[in-house]
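A, B, C and D are the chain letters, set down in written order, and residue numbers restart from 1 in every chain.
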């Protein structure tokens, strides 16, 4: 018997564990597959793949669904789960939710006839995720920088989602914050919020910083720019691979640079799980 | 002789006066027409219309250029300046800047062959202007609300430019801030910044507020919503005409509602003048 | 019959009116004397002096109780109420609360045998009052300064109660805030909160400001200091009489200076009334 | 020859290393004893104990000067340095600065005739140190709490120096902050700054929190209070030994509690070193 208010959580990391618990605490029936050695509260029922998909109306795949395009991303699962026609068939007639589903839907033509939503593409997901990303960056800065962030001179490169939240938090703990952007409109926002503004092309020309956070996925901190940094700042690069820092040159110049990737899942899995849940609920309501 | 670094300021209110002074203090030659009884510093030269346009390469018309479509908006000018072919001819070959130029360019076909830019349409202009608008709204709230804004419960309706700045400032002085929006993405931002969020359709269903700021140009506060407000809040409506409040119903219900229009020019003419200047400089650099 | 949960509110300005309403809304019986033409809600009973004192266990005199030492401070009262033995006798056996009671108790020896508390001396009263004082100062600054406070350079002289709240609010709306103090410990606090610090003896030596707020009751802004201010700032003096600014010299030098006194009662009578109420409740609980 | 502008840095941890570098970068001559394997910049001269004390006018002992009352606190020193008459004699005629010098001056009567100052007792030292302490606490919270601090419900127990800075920073990153205190005046401050207030005796009666920071050196979190915490918060105890949490009961109840001691030196040695330097400079100027 299918329970319309039931959720199957399939694979994934601590975010999926938190997600399963959080949905269960909302009063829904939750089955979880792929967590053999994980201890859940009583409200989450561990089950096999077939049992989970048979019982549940809503199926939640992890973020990312797969890393290699062949198997389900399920680090807590003892066996490898192949992504193929028979896996896809189990999802037929269900509402399926997954994060970064591009590689998944190439694994079987069955997916063409399945209702599947990519919560990773939802704007509110990306915005909410900026919060744990920014906090994770600040945690790294606090750990690696030998002074206090309070009173330090920080540069945030880029005024997109993470840049906005990061600049706001850094000022909130008392840093002197400069934010760089390329567009006049972003510069206007930066000034309205009371930060010091600089065009990205002009960073580090005059000013020196204690900590620099890069959020722009482009090679901003090349050897030329790095060599202008007499004060040897700490650089935290939040841009996805390959990042925005020439890490080799940084090392040669004695500048510590940290490439901080996938922060939400690492530093705040509970928050990251709740963000996925909220996004899925929003999709269901529409 | 034409001076390429010269600016003619034509008509307008205190913003244009501040603009003229500010450009002059940057070292440029400034002529001002339409301010017979205004005392400028030595660096701004008062002149007639022909003299001003003849000498200056850059001509700055006011915001708005005209209110009635017939005459230049020039409250400090003793005579009426008609907008016609001969007025337009004076601008030929110049760089002309104006705010809300729609009605102006209908006054003469000559405008088709003149380089004229509407700074009012620039995004950075609108963003920068959100700052004096928000401050003006707070000034009104401080004056009209018999308690302190610190510690009060404020609702900001809409999370556009003014809503963003206003919410941020209100929290900055210690108000408990709720912000409403219609889109999930905006709700996500509202929560990321630590405000209480509510969908605009659901405002005042449960919560009561001390001060409400409306920034949405739609009839949000109709009789039905107003009648739910048991706590008789102060309402400050920042939406342009006709506004977002049923003012008659508000009055009948004993709710004080203020329609606050054109705040930047009124409360912070110097800031508003500098915003116009910055925008014009940006246009010139491009 | 005496009601132990009854409050008599005697004289005073809008703060006392707000106080009466607020106590009544907490469910207590409230009599008010000295407000002939004031419209109260149903829960506050207007009464004569004898009726009020006869019925009520707790009597609340205004702030200040008297200005001239002869009559009750009662601007809404049609007759003058003399402070003498018979007035004091009406208070016998009651709990009496008043603000700045020094002159009152000199009007009759009867006061020696009456339980009277000066809420004006309570530390939490002074702290709470710093909030409407600071907001009032910001309201004046917003009204008088032709730019926006956001983005302006503000100096707060003194890091006592009002200085602390004021600096915090100014930064909260986006000003660049410098705070001056005399003691190393205060300088340490100023820096911890992320403001720029300066010793009061050194203000205006190098830096220029757009708006200056003085909270120190000493002649800080004498002619010598004023003449160093090339940028002609707006000065708002919050120090009690005679204030901390040489107003005559300021005028001669073209510097606008505003002496802002008794702000809480003027700008936020409702808040000021609630602060008195909270303080009296605290005294009663002890 | 004695150089009046010379500083000898004797023993200590990373704070003293940062201190030595920072004084040297101000242009003073700096000798450092007790750091055999530490690499200093060129401006700091490593030297033996006699050489350092002979050359330098100002001698800086570590914080604490000694832990056991017998030897200098010098973790980077290869030999143990005994605190006795001959050690004290080396300091004669110098300006000596140390942190927590109580046990030191009991090691020799020679100290009675030496100018020694305890920078640890200076108020500005304690205030400045609240900043790295608060940041260290937040770093721990970010690391240990599986959600984000942004959006979490935090309780700060105590509104002393660390409590003030901590509450301010927590709100600055978007937490919902409640602060507890015992005195009405502190409650007034808590409310003025816009936090939720609660008397320390009443904490956790109704409200539940995600993260609790204790700054009060008293057994606040005994078994009785801990057993009321249904939400199993993370508790970070900043109170010095023995702390303010019954750690055993916490563990039995499944509540994670971290005793975070000596944070400034651990999380921000550079900042902590600069705070010592600033304090010593202040003493020297007086």
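By our rule, a residue touches a chain if its C-beta (ideal position, glycine included) is under 8 Å from a C-beta of that chain, and two chains touch if they have at least 3 such contacts.
These numbers were taken from a predicted model, which means no experiment stands behind them.
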item	value
Shared interface numbering between subunit D and subunit C [over half = same, under half = different]	same
Which of A-C and B-C has more C-beta contact pairs	B-C
Geometric centre distance via CA averages, subunit C-subunit B, whole Å	35
Centre-of-Cα separation between subunit D and subunit C, whole angstrom	38
Computed distance of Cα centres, subunit C from subunit A, in Å	50
Subunit C, residues touching no fewer than two other chains	131, 150-151, 165, 171, 174, 191-193
Residue numbers on subunit A that touch subunit B, as the complex places them	122-125, 127-128, 130-131, 165, 168, 184-185, 187-189, 191-193, 282
Subunit D-facing residues of subunit B, complex	150-151, 171, 174-176, 191-194
Touching residues (chain side subunit D, partner subunit A) in the complex	14, 18, 131-132, 134-136, 138-139, 142-143, 145-151, 165, 169, 171-174, 267-271, 274
